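Next come two complexes built around chain A: one with chain B, the other with chain C.
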Partner chain A sequence: MLRQKPRISLTPRSKGSTRLNTRTRLVIAVSVAATYLLGVFIWGWFLDPSSYAVHFESQFIPPSWGHIFGTDFMGRDMFFRSLKGLSNSMLIGLLASLISSAIALAFGTASALFGGKVDKLVLLAVDCCMGLPHLVLVILISVALGGGATGVMLGVALTHWPELTRIVRAEVLQLREAWYVKASYKMGKSRLYVAAKHIVPHVIPVYIVGLVLLFPHAIMHEAAVTFLGFGLPAETPAIGVILSEAMRHIATGKWWLALFPGLLLIVAVLLFDTIGENLKRLLNPASAHE
Partner chain B sequence: MLVLLLLVSVLAFMLIINAPIDPLVAYIGPESTLSTQAIAQVEEHWGLNQSPIARYFIWMGNVLQGDFGMSMSFKRPVINVIQERIMYSFVLMGLAWTLSGVLGFAMGIAAGLRRGGLFDRSVKTFCLIVQSSPAFWIGLLVLSLFAVHLGWFPLGMAVPMGVPAAEVTMFHRIQHLILPLMTLTIVSMGRITMFTRQKLSEVMDSDFITFARARGLTEGQIVRRHAWRSVALPALTLQFASFAELFGGMALAETVFSYPGIGAATTAAALNADVPLLLGIVLITAVFVFCGNLIANLLYGVVDPRLRDGGSSA
Partner chain C sequence: MKRALCLFLLAVFALALLLGCGGDSENAATDSSANSVIAYVGSNIFDSSLDPIKGSMPYGYSFVTNALLRVTPEGSYVGDLAYSWTVSDDALTYTFDLLPDIMFSDGSNFTAHDVVFTYQTVIEHQAENEEVDLSRLAYVTALSDQVVEFVLSEPYSPFLDVTAMQGIVSADAYDSEAFDRYPIGTGPWVIAQYDPNQQIIVHRNHHYFGDAPHLDQVTLVAMDDTTALAAARSGQLDVVKVNPAYSFEDVAGMTMVPLQTMDVRLLSLPVLPLQEKEGMTVGNDVTADPAVRKALSIGIDRQTIIDNALNGIGHPAAGFSAKLPWADYIPVDDNRKDEAKEILAAAGWIENDDGIREKDGLLCSFDVYASEDRFALVAALAEDAAHLGIKIVPHSSNWGEIAEKMHTASIIWGWGQQSPTVLYSLFSGEAALTPGGWDNAPTYINPAVDAKINAALDARSQEEANKNWIAAQELAGKDFPYLYLVNIEHTYFVRDGLDISPATQVPHPHGHGVPVISNMKDWKRN
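Then we have the complex of A and B:
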């Protein structure tokens, strides 16, 4: 096929730093991102509450060296408060995506393996779940469970499985036709045995990538629902709470209350995305063409 | 397909029925002086003592006759509240949907044509950041920059405060609409831009484009005469399929700008335990998303005729 510009160049690149091949660079990117996220999580987890305690004498200090994110209307240091908030959000996001992806793995595998009525039921549940905006459904579930951390966590967990379910189902449908799976059936193994021994191990990479990519969505929806007032209670440091407090003071020009906590959240979300996309390319050589 | 709509309504109804909201307390207030007899009467009147299934059928029967019940927090029929607010939301969503579609498509084409160029890289970075940031945060930044610091636009609401309804001009309305519209457009643009960019570079690698090049067409001619057609329909399909996200973004944008649309009403209804209004909104939302998905599904058939016969569950 004739192309104007060949995508693959055969001449070695002139820069000196190209010793590292793509794979190594991906691994490094994933490790750096993971280290940062883990660091934030652990730092926030063990943070001394006095570091974001109330100091009425230092209200609304704009960002400075003493308080790099500034302080809020109660004189709390926004950097440590945001850090703790992000850590809290990550914990909820982690639990929610674990539950959500477990549902997806079970539903997706069952749907593809058993077919027929089970398949129809799962697809109907998927469509049902996608029939409402995620935000509205999370609010509904959260209200039904009486709000709070459990409410928002389960709300996010119970709404984010459909996409991964579809991916897992498609993957299993392909695997089902594989020769070694057919051979296993012919040798008289049960469906459950084949599922556990042959199919699930092959779906695991897809599943892990799906889990990591689910994470940013979970955190963002948690923040959104909390922002609207259905999630974490107002006294817990959480990004959603911080931003909804910031909204009340933004009209008087306290821009730093909104900008920095949001940036911290975005960096975390972007890094999770980076990890997910890189893992996808590491685990699946076929998508490494770009 | 209609079964789905019914199922969604059952789901929503069951969730709300099981919520720890006492409809009586929500309606009368926590310090009620009503006697047990009066309470029993109200319960009888509202049908609260019946089984959830019976209550669902009563509600659904009324809804089918156009009666959504009374909103507890607005003290008006739900249908009136929704009618009044839906216009604001539809104008906002419709404009944002069109704008984000057109702008995103144009940016995607321009970026996809020169993969790896400066424009492409900046578009890609922009989209990544936009897709990773919460809609309400973008709203707060827009508000902070254009309304507070520059003072170009009002802080919120749909009409200026303290101005009689008769004196509200079109200019006022547009002025109040711009910031929420900007927020929602930015939020919705990321996905469509990235999709168009990806799709265009796939199309540009296909054989018929190579043939067009061989005939001596310039890149501009190729895009204008051939490539954009192959990208436009899938992009339009995606735009229809993203009604759910559009609604979510709209709800957040409306909350930030105190814009009196359906999104702000959703949160208000849920926070005030206004069950009839919440259910009414959920139903309207479900129909809205359903329409978007239906159009998208029909368009899939146009895009890929192979899907038309039988492969609907694929």
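Then we have the complex of A and C:
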């Protein structure tokens, strides 16, 4: 007699799916996105300025094989200019995120660990910072620091720490009650020692995810502030500058000036987001079902 | 299925709505056949008061008010409210004979007392008016209803320019608050409706003493440049101020008209080496070398720069416009690259491997700061100067930053006005090293030039004044403290069938937009 095969499989697999498991797929997604972004960043970093220099004889060329993103009103190649711009934005985003997350880590840990007045002070600072719209605060700080790359970078850096601070603080509050932390205290270790040896290493996964997710925010805010004219000066290749210049030529039908740089920015931001979300699932699998 | 039907109906409805909108704008276009005009002349006119006592229309267009004199398209002065004037031998007393039987737009009579009232009110409220300087006016008095006399405390030849710029308002009707929007004057137009930041509607003034305007009504609308271009395309506007960058856009039913200006774009080149002077940091080691300044002036190709940055609109300039009686007009003879290179080489500037000149380890490179709208001009200049081995680094900047850098870097300026006092601002050593303000950015101090400027200010006649102004420019020109680039033109789209009378347009002063209304009474539909 033929016995029917059991229809129930222990490994759920949808129709037509590949043999890769979720973890591998996440790793691949993260790697692809990271490679693309890193490629853009490094290419832009080492780009020869003459590739996006002024060439008045080739103004307003629509996208073609010679200039795949077209050229602008000063005949600059929009592909290389956008690339350099995105690279610049990423650099500013990177620096801003690093500063921002360092502040968040320090504040978050200190707040939870010391409690009392320190905690109140940090929470007050967080509330103050979150009470104002981000963009307004970024503009204020940027202008107060004299604008330019430093202004925007610090503007973004000093406004993006509150969310991460809260997350880090919540995490540390949990850890503080853990047995091994209490044990460490009982053995006479100082708070600083406990923080460095027991708490921070456990916060790192959350911190890294937070850092990566800060990135798209930082880049978008840099672009927005520059777009509004409070950020990078107009001679710097930056996505914000490119888009605000493009606005002036939209009415005359120069669509390529806005479309391609805009797409480039959106793709970069979405990819950062993908990396962040996937990293979250990889580093913190328990939260994957949230 | 129901859902699909709903979506379809919605789409049809939306389409109908869109088509409906399109139809409206078509109507607006045909509506312009009436004897009225809708114009976009920039939004600056909405930013400040319309009251001449507070400095409205400081360049003397006869719009709502008239001044005692007016400027002709050729750049000389003729009577407007006054028909003749005399200046005493000591150049302290100016007497104006006023035209009789002139009425304000409210029907009241214009007399010498209105002139006295206007000038006295300006003096009393000088803080509210930065456009006109009456500090040397001792007093003004009406000798009769038709004669007004100004007495100065010291000779000041540009006072005549003041009388051609300052609009006269009605003394009886004057109300400081109301006049911000509804001034009453003797001009060809009267404000019929003022909607802040939306529109100003003017009607023909039936009491105007000159030839009546051809048009019945003009509406000046507030927009931004790109919206205005779109509105022009859809046929809603008759006159549109347009940036030279868009001036060759195709707009159906409209023609681009370039109008001459007295506005020049020039770079200040600091003449002193970098140093501390009277508590200020001034100078630039590269531009301090006269060879660099001279080589730039004769070596660059202004026409190519204009073609590249301004769509070819504007005229190469090596000085102020020949239309100004006090200008030392110099015909442009540039693009002498070989000669310029020889001057640089003789001064010790030798090209390095990158094609940039060097002298004792100092790179022949300097920064130029430009407001955003002038950045392209500097970028085009930088491209051309590179052929000489001079590296110009253009920066798009704001006026705050420019104020910080103006004495140590090169700045691109725009100067254009009827009054020669601009020469004092540009060249006077007395104006150098005064913190605040925009005067004498290159810190150019030359006692011989100062003597000529002072002689011009103290001159007993316009001829004598102009002779000294020209001499001052000639002297200063030898040192090249400024690099003149272009005498710009103001561009407008004008609807076919509307004549804005380019022949009676005065050369426009600084500020693209409003000056086009200077001869609005001569506009007519064909």
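Just so we're on the same page, the second predicted complex is superposed on the first by the 272 of 290 C-alpha atoms of A that agree within 3 Å, B and C clash if a C-alpha of one lies under 4 Å from a C-alpha of the other, contacts with A are read in each partner's own complex, and residues count from 1 in each chain.
By our rule, contacts are C-beta pairs under 8 Å (C-beta built on N, C-alpha and C of every residue); 3 or more make two chains touch, one makes a residue touch a chain.
Since this is a predicted model, take the numbers as computed values, not measurements.
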Checklist entry - Regarding the shared-chain residue A:Gly276, is it in contact with chain B (first), chain C (second), both, or neither? => result neither
Next on the checklist: Per the contact definition in the header, classify A:Val54: touching chain B only (first), chain C only (second), both, or neither.
Outcome noted: second
Item to check | Contacts of A:Phe73 with chain B and chain C, given as first, second, both or neither | outcome: second
Next on the checklist: Contact-wise, after the overlay, does A:Gly210 reach chain B, chain C, both or neither (first, second, both, neither)?
Outcome noted: neither
Checklist entry - Is A:Ala234 contacted by the first partner chain B, the second partner chain C, both or neither? => result second
Checklist entry - So which one touches more of the residues on chain A, chain B or chain C? => result B
Checklist entry - Does the superposition put A:Met247 against chain B (first), chain C (second), both, or neither? => result both
Item to check | Contacts of A:Leu259 with chain B and chain C, given as first, second, both or neither | outcome: first
Item to check | Overlap of chain C and chain B interfaces on chain A (superposed complexes) | outcome: 229, 247, 250-252
Checklist outcome for this item: chain A residues touching chain C in their complex are 54, 56, 73-74, 147, 229, 233-235, 247-248, 250-252
Checklist entry - How about chain C: which of its residues touch chain A in the complex? => result 225-227, 229-230, 245-246, 249, 307-309, 372, 375-376, 379-380, 382-383, 394-398, 401
Next on the checklist: Using the touch definition from the top, list the residues of chain B that touch chain A in their complex.
Outcome noted: 4-5, 7-8, 11-12, 15-16, 18-21, 128-129, 132-137, 140-141, 143-144, 147-149, 155, 205, 207, 210, 213-214, 244-245, 247-248, 251-252, 255-256, 266-267, 270-271, 278, 281-282, 285-286, 289-290, 293, 313
Next on the checklist: List the residues on chain A that touch chain B in their complex, please.
Outcome noted: 1-4, 123-124, 127-128, 130-136, 139-141, 143-146, 216, 220, 223-224, 227-230, 243, 246-247, 250-253, 255, 258-259, 262, 265-266, 269-270, 273
